[in-house]
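Structures are listed in the sections that come next.
Shared between the two complexes below is subunit A, which pairs with subunit B and subunit C, respectively.
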Partner chain A sequence: MRNALGRELPEYIAGYGEVRPFAGAFAHAGEINRKAVKVKGDWSSPNKVLDSLGGALEKCGLKDGMTVSFHHHLRNGDYVLNMVLEEIARHGIKDIKVAASSIFPIHQPLVKHMGNGVVTGLYAGYISGAVGEAVSRGVLKNPVVMQTHGGRARAIEAGELHIDVAFIAAPTCDEYGNMNGLEGPSACGVLTYPAADAYYADTVIAVTDNLVPYPACPIEITQEYVDYVVPVELIGDSAGIVSGTTRITNDPAGLKIAESAAQVIEASGLLKDGFSFQTGAGGTSLAVAAYVKEMMKEKKIQGSFAAGGITEYMVEMLEEGYFRTLFDGQCFDLKAVESLRRNKNHQRMSMSMYGNPSNKGAVVNKLDVMILGATEVDLDFNVNVTTNSNGLLMGGSGGHSDTAAGAKLAVVVTKLIRKRFPIVVDSATTVTTPGETVDVLVTERGIAVNPLRQDVLEKVKKAGLPVKTIEELKETAEKLTGVPEKVDFKDKVVAVIEYRDGTVIDVVRQL
Partner chain B sequence: MKITKSCGAGRQEANDIFIWLEPNEKEEVAIKLESVVKLQFGKQIEKVIRETLAKLGVTSASVTAWDSGALDYAIRARVETAVRRAGEV
Partner chain C sequence: MSDLRRSMLFVPGFRPGMLQNSTIYGADSIIFDLEDSVAVSEKDAARVLVRNVLQELDFSGTEMVVRINPIIDSPFGKEDVAEIAGVRPDAFMLPKADEEGIRILAGMLDEIEQKEGFEQESIKIFALVESTSAVLNLSSIVKASTRLAGIMLGAEDLTAELGIKRTLQGNELLYARSHLAMVCKSAGIDAIDTPFGDVGDQEGLEYDATQARSLGLTGKAAIHPRQVGTINRTFSPSPEEVIYAGKVVAAVKEAEKAGNGVFALDGKMVDAPVAARAEKVLRQAKLAGIEV
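And then the complex of A and B:
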């Protein structure tokens, strides 16, 4: 069958189930029933500390076929996922489903567990590194389910993704399970990814390398959700937890793209008091923020909030008064962690609060402008950030689809050609985010506005910006690169890409 | 004309190509290509290398190319530079 974007999908996928086809960005947003949670209260001990991970596995009765979950605030420095899976393998437990908020190169040992049947299923918002390559080559028994950040929270709340045991890496934790990410050798800032896991898993286990006396204030995940606490030597490598300082790009093409994007924002009329904004942590995205900052300074504008993954640059904009608030879903560097510690206007948000389409209102709905990246953009403005043009799994939505759907103006910034790959293509290798939620594409060789947004097109034209049709951009690219030959895939579905409402927007097939 | 001396040009950086020329015992141009865009543009890249060598009159060479997404004009320039460094033009 074909979904609303014309993507060919099987009606049933082994290891996934019936496919609910994507029917439009807002077709299924709204009502759900939140699942009931089993609670086995233990009144007998004032202390939830267990000796070891092995003891914890026995205590929670982990067995074949169960689902365990992890968060990725420790990013490419996370030791906990590997540590837990090693222990699961040692216990001879098989057929485990891993529900991780994201997978990084450090999780390479997962490939071994996938190969020998310890792990047979995987859920993730984003996958980079060896695990993505192994999945693309068909190593995992069941297809990976790729979710958006908001979609993951929704699926957990609705009971579509049931977590038997949540393992929460806790940079600081007390003996009764109160956690925060602010202190300790593996401090990572907010603990927002595991919120739904903590509230809805059958069993919640905190894994910490900084056990402190009760209570571990300021508490982010609170004791009434936590079953056990397991102290270990180290939960992460601090060098991999926070990325190095992200700098504004000095690449002339990147700067040109950023300047054009800022001009589009200005032309849109959204740049006024109360302006809200999100951008990524990449060099070009940060450059957009820098240009926007100049405009805000000139026009004496104060924004209401900046959201997303928080970097030093965003902290500076908060402290210099360009925004009243930061909504923080993830701290990218230590400056962000410090700011979170001391500034009450640096506000945490869970992934449900951030982007869930089926709660009582997500932050993305209040977003004026979102700056997005892309691996490919097709002629309908559908965006791929999940696979590269070779079809290799190397990314995922994260908050991409959530913010595109919520923001008043979703702007994709990308070079038109990257390593000979034309970025604007007839049909994207994979679709992550539907074109109806993407408003403008900004490249170094021109700007294309989605024909669905005639209002924006008019304003951008009126501002004298270099507007082209997306077809023109495609031709410009192909004149330089040539027309790419089609890549062949095998039939096996290796990844199911769920839109934020849980419908299937696309699948990835084996290389 | 034959390539008689090993020689290279270019870089293994994004959007560039590194061309390495070596003598070939046979009277032919043999090309070994590694490229990030091999699936989409492998044939085109080989064609550009062959055409550029032919234009410069090279009839015998072993070419190894490590491509990181160079466009045709960059490939031509790197091939020509490598041939000139080999002292053949």
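And then the complex of A and C:
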């Protein structure tokens, strides 16, 4: 069958189940029932601390076929996922489904567990590194389910993704399970990815390298959700957690793109008092923030909030008064962690609050402007951030689809040509985010506005910006690169791309 | 003289990505550099790369210039011309230029154009003057070839030879700039200012470019894409200039109808030179995309 974007999908996928086809970005904004959680009260001990992970596995009764979850605030410095899976393998437990909010290169040992049947299923918002390559080669038994950040929270709340045991890496935790991410050798800032896991998993286990006397202070994830606490030597490598590598680009083409994107924002008329904004942590995305800041300074504008992954640059904008508040879903560097510690205007948001389409109002719905990336954009403005131009799984939506759907103006910034590949193509190798939610594409060789947004097109033209049609941009790129051959996929579906509402927007097949 | 050669952006000749992206920043001319930015061991590779890029990619709408190596006392300059002239760049830029060098380059181009069947003198020459003797000989240099489209000042070598430092103030360049402007204006070619070295200092660049423009230079070299916007702005007619030029041209038309040669506008005399300048300002404004 084909979904609303014309993507060919099987009706049933082994290891995934029946496919609900994507029907449009806003087709399923109906009611859902939040899952009821079974809670077993325990007054037997004033202390939830266990000796070891092995002991925790026995205590929670983990067995073959269960689903375990992890968060990725420790990013490419996370030790916990590897540590837990090693212990699961040692216990001879098989057929485990891993529901990680994202997978990083550090999680390479997962490939081994996928190969020998310890892990047979995987859910993630984003996958980079060796695990993505292994998935593309068909190493995992069942297809990976790729979710958006908001979509993951929705699926957990609705009971579509049932978590048996949530392992929460906790930079600080007391003996009764109160956690925060602000202190300790592996401080990572907010603990927002595992919020849904904590609230809806059958069993919640905090794994910490900084056990503090009760009560921890402040508390982000609270004791009433936590079953056990396991102290370990180290939960992560701080160099990989808050890498501090997010800097404004020096690349002149990236700067040109950023400047043009800022001009589009100005032309849109959204840049006024109360302006709300999100941008990625990549060099070009940060440069957009820098240009927008200059405009805000000139126009004497104060924004209401900036959201998303928070970097030093956004902290500076908060402190200099360009925004009244930050909504933080993830701290990217130590400056962000420090700001969270001491500035009450630096606020946390769970992924449900951030982007869940089936709650009573997500932050993305209040966003004026979102700056997005892309590895491919097709003629219908559909965006691929999941696979590269060779069809290899190397990314995922994260908040991409959530923010594109919510923001009043979703702007994709990308070079028109990357590593010899044209970025604008007839049809995206994989669709992550539907074109109906993407408003403008800004490249170094011109700007294309989605024909669905005639209002924006008019304003951008009136501002004298270099507008082209997306077809013209494609031709420009192909003049330089030629037309790349289509990727030769095998039949087996290795990843199912779920849109934020849980329908299937596309699948990735084996290479 | 070109109507609009405000910015001339240098691009290292050995960086394929930079060569490919060179036209996206809005520079009026692009100079693919085979000289200072290319190591001796990379000279031949860069030469072939620049030739292929010019041959394969569409740069229409931008003047494409290749800065070759010196043509005297270096084997590379002549090899650069021999390799690249066949793909017909708009111009070559000759570093350390003097009369003899320009004549040798022009002679080579005469032969190549004839052999390839190109229109005679379709490939122009820019001379880069960067020594005291060249600055003093500008009046002769400017007559060395009718292919000359402009002369660029190279202040780094010049100030080094003079044993003085370049300053933000730029007084040390006052004579060279003024002299260059005079000579080029009298020959009807462009006078291009030396690059501004601190790519992070936009204010300094704007000051430096404004100084050059006030002395009569017509454009300025850029050594980083970030400099192009500021240079273009500085060397574009200002809104006031465009409005005044529009008034002058309209008034000239009226006066012609009435049969008057000289007349006054807003209390100032308008004669043929003023009218010609006004027309040029409007042409430049149009090319620069300024509403006229």
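One rule holds in what follows: the second predicted complex is superposed on the first by the 509 of 511 C-alpha atoms of A that agree within 3 Å, B and C clash if a C-alpha of one lies under 4 Å from a C-alpha of the other, contacts with A are read in each partner's own complex, and residues count from 1 in each chain.
The rule is simple: a residue touches a chain if its C-beta (ideal position, glycine included) is under 8 Å from a C-beta of that chain, and two chains touch if they have at least 3 such contacts.
The shown structure was predicted, so the numbers you read here are calculated from the model rather than taken from an experiment.
Colleague: After lining up the shared chain so the two structures overlap, which partner does A:Gly55 touch, if you call subunit B first and subunit C second: first, second, both or neither?
Modeller: neither
Colleague: Based on the superposed arrangement, let me know which partner A:Gly30 touches: subunit B (first), subunit C (second), both, or neither?
Modeller: A:Gly30 sits against neither subunit B nor subunit C.
Colleague: Under the stated touch criterion, which partner chain does A:Gly115 make contact with: subunit B (first), subunit C (second), both, or neither?
Modeller: neither
Colleague: For A:Asn390, select first, second, both or neither according to whether it touches subunit B, subunit C, the two together, or no partner.
Modeller: First partner only, subunit B.
Colleague: Regarding the shared-chain residue A:Leu480, is it in contact with subunit B (first), subunit C (second), both, or neither?
Modeller: In the superposition, A:Leu480 contacts both subunit B and subunit C.
Colleague: Would you check which partner chain A:Phe421 touches, where first means subunit B only, second means subunit C only, and both and neither mean what they say?
Modeller: In the superposed model, A:Phe421 contacts subunit B only, not subunit C.
Colleague: Using the touch definition from the top, say if A:Pro252 reaches subunit B (first), subunit C (second), both or neither.
Modeller: second
Colleague: Using the superposition described at the top, list the residues of subunit A that contact subunit B and also contact subunit C.
Modeller: Residues common to the subunit A contacts of subunit C and of subunit B are 417, 480, listed in rising order.
Colleague: Quick check on the complex: what are the subunit C residues that touch subunit A?
Modeller: Within the complex, subunit C contacts subunit A at residues 20-21, 24-25, 57-58, 224-226, 289.
Colleague: Name, in rising order, each residue of subunit B that touches subunit A in their complex.
Modeller: Residues 14-15, 36-37, 39-41, 43-44, 68-72 of subunit B touch subunit A in their complex.
Colleague: For the complex, give me every residue of subunit A touching subunit B.
Modeller: Residues in contact with subunit B: 389-390, 417-421, 480-482, 484-485, 487.
Colleague: Quick one: in the complex, what on subunit A touches subunit C?
Modeller: 252-253, 255-256, 417, 444-445, 464, 479-480
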